[in-house]
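Letters A, B, C and D mark the chains as written, and numbering starts fresh at 1 in each.
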Amino acid sequence: MIGKMFRISIFGESHGKGVGVVIEGCPPGIEVNVRDIALELSKRRIDDPEISTQRREKDDFHILSGIFNGYTTGAPIVIFIENRDVDSSNYEEIKDTPRPSHADYTARIKYFGYNDYRGGGMFSGRITASIVAAGAIAKKVLAKYNIEVYAHTYSVGEISIPEDTSITRIKEETYKSPVRCADPESSKKMYELIKKVRREGDSIGGVVEAIALNVPPGLGEPPIDTLEGEISKAMFIIPGVKGIEFGRGFKLTRMKGSEANDPFVIKDEKILTEKNNSGGINGGISNGMPIILKVGFKPTPSIYKSLKTVNITMKKEEYIRLRGRFDPCIAIRAVPIVENMLAIVLTDHLMRWLSWIEYMS
Amino acid sequence: MIGKMFRISIFGESHGKGVGVVIEGCPPGIEVNVRDIALELSKRRIDDPEISTQRREKDDFHILSGIFNGYTTGAPIVIFIENRDVDSSNYEEIKDTPRPSHADYTARIKYFGYNDYRGGGMFSGRITASIVAAGAIAKKVLAKYNIEVYAHTYSVGEISIPEDTSITRIKEETYKSPVRCADPESSKKMYELIKKVRREGDSIGGVVEAIALNVPPGLGEPPIDTLEGEISKAMFIIPGVKGIEFGRGFKLTRMKGSEANDPFVIKDEKILTEKNNSGGINGGISNGMPIILKVGFKPTPSIYKSLKTVNITMKKEEYIRLRGRFDPCIAIRAVPIVENMLAIVLTDHLMRWLSWIEYMS
Amino acid sequence: MIGKMFRISIFGESHGKGVGVVIEGCPPGIEVNVRDIALELSKRRIDDPEISTQRREKDDFHILSGIFNGYTTGAPIVIFIENRDVDSSNYEEIKDTPRPSHADYTARIKYFGYNDYRGGGMFSGRITASIVAAGAIAKKVLAKYNIEVYAHTYSVGEISIPEDTSITRIKEETYKSPVRCADPESSKKMYELIKKVRREGDSIGGVVEAIALNVPPGLGEPPIDTLEGEISKAMFIIPGVKGIEFGRGFKLTRMKGSEANDPFVIKDEKILTEKNNSGGINGGISNGMPIILKVGFKPTPSIYKSLKTVNITMKKEEYIRLRGRFDPCIAIRAVPIVENMLAIVLTDHLMRWLSWIEYMS
Amino acid sequence: MIGKMFRISIFGESHGKGVGVVIEGCPPGIEVNVRDIALELSKRRIDDPEISTQRREKDDFHILSGIFNGYTTGAPIVIFIENRDVDSSNYEEIKDTPRPSHADYTARIKYFGYNDYRGGGMFSGRITASIVAAGAIAKKVLAKYNIEVYAHTYSVGEISIPEDTSITRIKEETYKSPVRCADPESSKKMYELIKKVRREGDSIGGVVEAIALNVPPGLGEPPIDTLEGEISKAMFIIPGVKGIEFGRGFKLTRMKGSEANDPFVIKDEKILTEKNNSGGINGGISNGMPIILKVGFKPTPSIYKSLKTVNITMKKEEYIRLRGRFDPCIAIRAVPIVENMLAIVLTDHLMRWLSWIEYMS
């Protein structure tokens, strides 16, 4: 479970009955219709076979509880997304030869060999559908406070989006791009790169940037539940994430204080900062500026090249070749996941903050 | 509170009575003596005025509960570290003019002006002493399983340690270096850089790397409590952290799968990986290889240059000049904090894992 | 969520799609077959229309995740029990007139009128099916340590079971009795009493006793997570519970220390207590004796007599008459719920305890 | 830790340095002065040697963090109460012979013999001082909403207070009575009874009733965090508690629905219930009526009579005689503890509820 007031648990496996999410603590009266969730889920789909080889399933989902007459009731909400387009035949043969940099080996240890290894089981990207479904509701909760959450592909391999890409562009262009990149030129280059690595039977990493607008100052509960820490913990739930940074992130480690600092200014009677190197968070608490963070994804470990591994039963080294469908770049598919995960964490911290707002009023 | 089985809460302020830590769930029978904790606390001290201007206090601490006859009892342990060398005179005058990129402004909003603003209050680096004290005990818990935890300065500004710096060197040299850098040559360069920025009245960022050896495979509880996510949440408790990455981290985002993957090999009948790009974690679970992570620190926001800010009461822009003692590079002082925070999180996950080990045996 | 290592969340409504449970932290390798769960669920059924007017549904359930090839995988387990025999027609008319001593009024306030009021919604006894399903798995986890859990009807109204009813009898007779009472004579009297109150259009309260055998000493985590406190919190999840006591419970409040104390004795080289007034728990920790507790259920608030209430919309007092099917005595139907809830809490604390056992070994 | 928004952890031992409490999530701006806490702590003291043989210490306490300029800051608050009047000489000799019905034996098992056994260690009534200190602050938080919390001795042995004792009397008389009984006549009888059992070298049990007034409807978070369940878990933290019941509690188990139900009425435009058999809670949520509960305390297990126990090292049965100071009736000393524990839980649930109130407004 993540969250304290708005809480999320996820479940399910790639080749089992399906995947799902439990949302506890969602306030009542949030209008939720099937289209909202379907729309959000559809963002996970990239239909271009040159850069994505995802399942062709329709993400049929069922609201099992917590919604009545089109509104959240305040009771736990469960959304279940059925698995359909499942082919488990390729997995039996590699059961004993864990795929490098996958969770196959660690899962085998952790679960003493009882884990559902088909299609990565609980470690499959498939489970992220449940995060998106929950995020669809979180966004509705945030909407009352005009909080908006976006994500887009910041880089694929060495190709990055220009630093001056506007938020308007990000809002409007991201999901028009097959690689979820808001800048058309970079999008084209990323597309070509992914196509190329895919044809080589290889894969490539990437970075997803997320931005939240209109977040009021005050979210975050230091010393323990810093806003950065809470967002980070949530992001690492997404398969393939290996790094996260806020604002200028690791660039700040090479900067001087005089460059890095965000001077305060007054604009339209509001206290803002001139720059936003801090990514909207100071001392673990939102400062009213846009929250900006980058999530780094490793390249898909499943590639079509020969892979060196170990046969666990035979205790000897071996080479395997994977069959099946693999995304050459998981980063681009993770864009809506990062976006919705951020919405989930912000909703929790908004709900915590409202308690104090009400008490102090 | 962080942790489930081995749990930590911290408290205290920079200019109040002191800072402290509550440890719950620590197994009984861990031998703890005052020297262990004192030794760990002493690692926080850098006595060279050219690069550090820390308080001159001795970190007098009191064990308030949970230790009896030199051993942990299994009851909650509280360690309290008194504040001594406190001068609060400089803070009153800047009460209304929040220091840029500090927590002054967000704290004021979050706590409706009631926060203890003296010396940064609960946001001061001072509170990290409590983490170190808890880590001293965590390390003792880990010792039974031969798990060792290290940290060192990976970079200051643009100066990085050579990639091939050996673990032996890190073990032996780190705390001999005034900048906690295991490579003598880099250490010298970092030292000069910090000295220079300090003389300019400025500050500089840096990166701390942490390494855990002999971590058994199986630690981490996905889908929610991934080992990376749990470590990340804990690291962001440390003031000044703006990014974290595991293994090759963000470098992986620019790599192909064929380079990034960690092929399995057998060495001395053990299953290992040839490289360790994953930083010892796959699918959120430790894989038996060293756990490696980097934590990015921003430059100290407190510098001696004129700072643009806003007078909150008067609602107008203003320039301030800080007086007092500031570290020009918090990264180097954070080395023992990162090290001990990693020990704390690993202890919690070790204790969780042992439950299943025992059950399955 | 209850639990730390073995964790349970429940969801669902009486007249929605169904009810269900999420189990997190269940160790892998527990053999679970559909019959185990079906058998446990069948204990909720009392087919005698003279004393029970329950739904006629078959409790069709689906394992949505976490079980693979007949064994738990270590991943979150979700069991969903569909609603079938649902008639919501009677509820619209009483929407504005909350039933006395029901959750109708408080739910309306708490959920700002958005709650699913049909059939009690999330407050219906229906949701307890999910607890039973989870308990079926918890019992399997406990079985490895020979821990057994039982419950039976201790009293209905003024009729109590004889104090000397043996545990053998409780094991063998409880579910043969339509009122879940292990003593045939008391069973008959309880049956007649329930029949009588039902014919009067009334209902009656009762007490369920639960017993756990072979619980090792050491379960419970004081000072906060006492075993009694953890069991209590869980029991109050069951609708209709208004009291709980351990061992001799409230009778101890009228006893002297010299009577109440449980002297230690040695039997077969084991340290036991002569009596078990403490109900197997001292200082919040299990002492190795049977854990014994009683859970008090109020009479079903839904009765066929005229009920005085308030029309919330019209803001005036009103009398209502309920239609529909109501159990005249919820206590007897709660026997398997109490039993399985106890199994769930003990499993969590067993798993916590095993961590220390392994560490100290 | 108990609580989610307003959170409490306690620590300390009877004969160690002291006992204390950590309060996290307390809203800022609550005026707290030393006298408030001292006054609350003084309620624990009963100076009559005929019925109480408590320590003569003054409960010197230190606020270690979280209060600044007389107000809560929003940061974690720690209050530490020093031990003074400590005589540990009597405990060494009984180290191997656990006192019946005490935590000696279970603590020895749980903590593998490392527990601080002096004076009961962490199981001593001494630790309840920390609850009272936290409650003093909780009451201040509640005061803004006019929520008041009271407790009084309901019964000692067979002597009960008259059912019609008014709340005014409870407010005014309780702490004037040496046995914390609001009815003068019952108080006298209880006093005599306790005196008598004390002279016999024995002890006696009792029941404490707690009442909360002006609790708004809506507190409690079912299905898991029912208000009754949360209060219960908290109450079992208090040493000696063996049962809890809400409203008419176990009496409801002997009642019919037609008697037990609380019909709704309108008074002064407010929706109330005619009776309050439910104790102010339905469906796990407060209904706006006074919250009423009873907590059952066993007789002090420490008595001056010969006690049968087992020498654990020698593995043989033995009789022991305790020396030292023991309260003949812990129930009467627990009155302020129950009162403050209730305040703590209600504060947490108030703060949770305010989040939704604010969101829905």
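By our rule, contacts are C-beta pairs under 8 Å (C-beta built on N, C-alpha and C of every residue); 3 or more make two chains touch, one makes a residue touch a chain.
None of the values given here were measured: they were computed from a predicted structure.
**Student:** Treat touching chains as neighbours and tell me the shortest step distance from chain A to chain C.
**Tutor:** So the least number of steps between the two chains is 1.
**Student:** Taking contacts as defined above, which has more of them, C-D or B-D?
**Tutor:** More contacting C-beta pairs are found at C-D.
**Student:** Looking only at residue numbers at the chain B/chain C interface, is the share used by both copies over half or under half? Answer same or different.
**Tutor:** Counting shared over all numbers used gives more than one half: same.
**Student:** Taking each chain's centre as the mean of its Cα atoms, which chain lies farthest from chain D?
**Tutor:** A
**Student:** Would you kindly tell me how far, in whole Å, the mean C-alpha position of chain D lies from that of chain C?
**Tutor:** A distance of 26 Å separates the two centres.
**Student:** Round to the nearest whole Å and give the separation of the Cα centres of chain B and chain C.
**Tutor:** Going by mean C-alpha positions, chain B sits 45 Å from chain C.
**Student:** Roughly how many whole angstrom separate the Cα centroids of chain B and chain D?
**Tutor:** From the centre of chain B to the centre of chain D is 39 Å.
**Student:** So which stretches of chain A touch two or more other chains?
**Tutor:** 1, 9-11, 24, 28-29, 74-76, 110, 112, 122, 223-224, 356, 360
**Student:** Could you please specify the touching residues of chain A with respect to chain D in the complex?
**Tutor:** Its residues touching chain D are 4-5, 24-25, 27-29, 74-76, 141, 144, 221, 223-224, 351-352, 354-361.
**Student:** Any idea which chain C residues touch chain D in the complex?
**Tutor:** Against chain D, the touching part of chain C is residues 1-2, 9-11, 98, 100-103, 105-107, 109-110, 112, 122-123, 127, 155, 157-158, 197, 202-207, 217-218, 220, 222-224, 226, 228-230, 232-237, 239, 241-250, 252-258, 260-266, 269, 271, 273-274, 277-279, 281-288, 296-303, 305, 307-310, 312, 315-317, 331, 356, 360.
**Student:** Considering only the defined contacts, which chain B positions touch chain D in the complex?
**Tutor:** Per the stated touch rule, the residues are 1, 7, 9-13, 16-20, 22, 24, 28-29, 62-66, 68, 71-78, 80, 110-116, 121-122.
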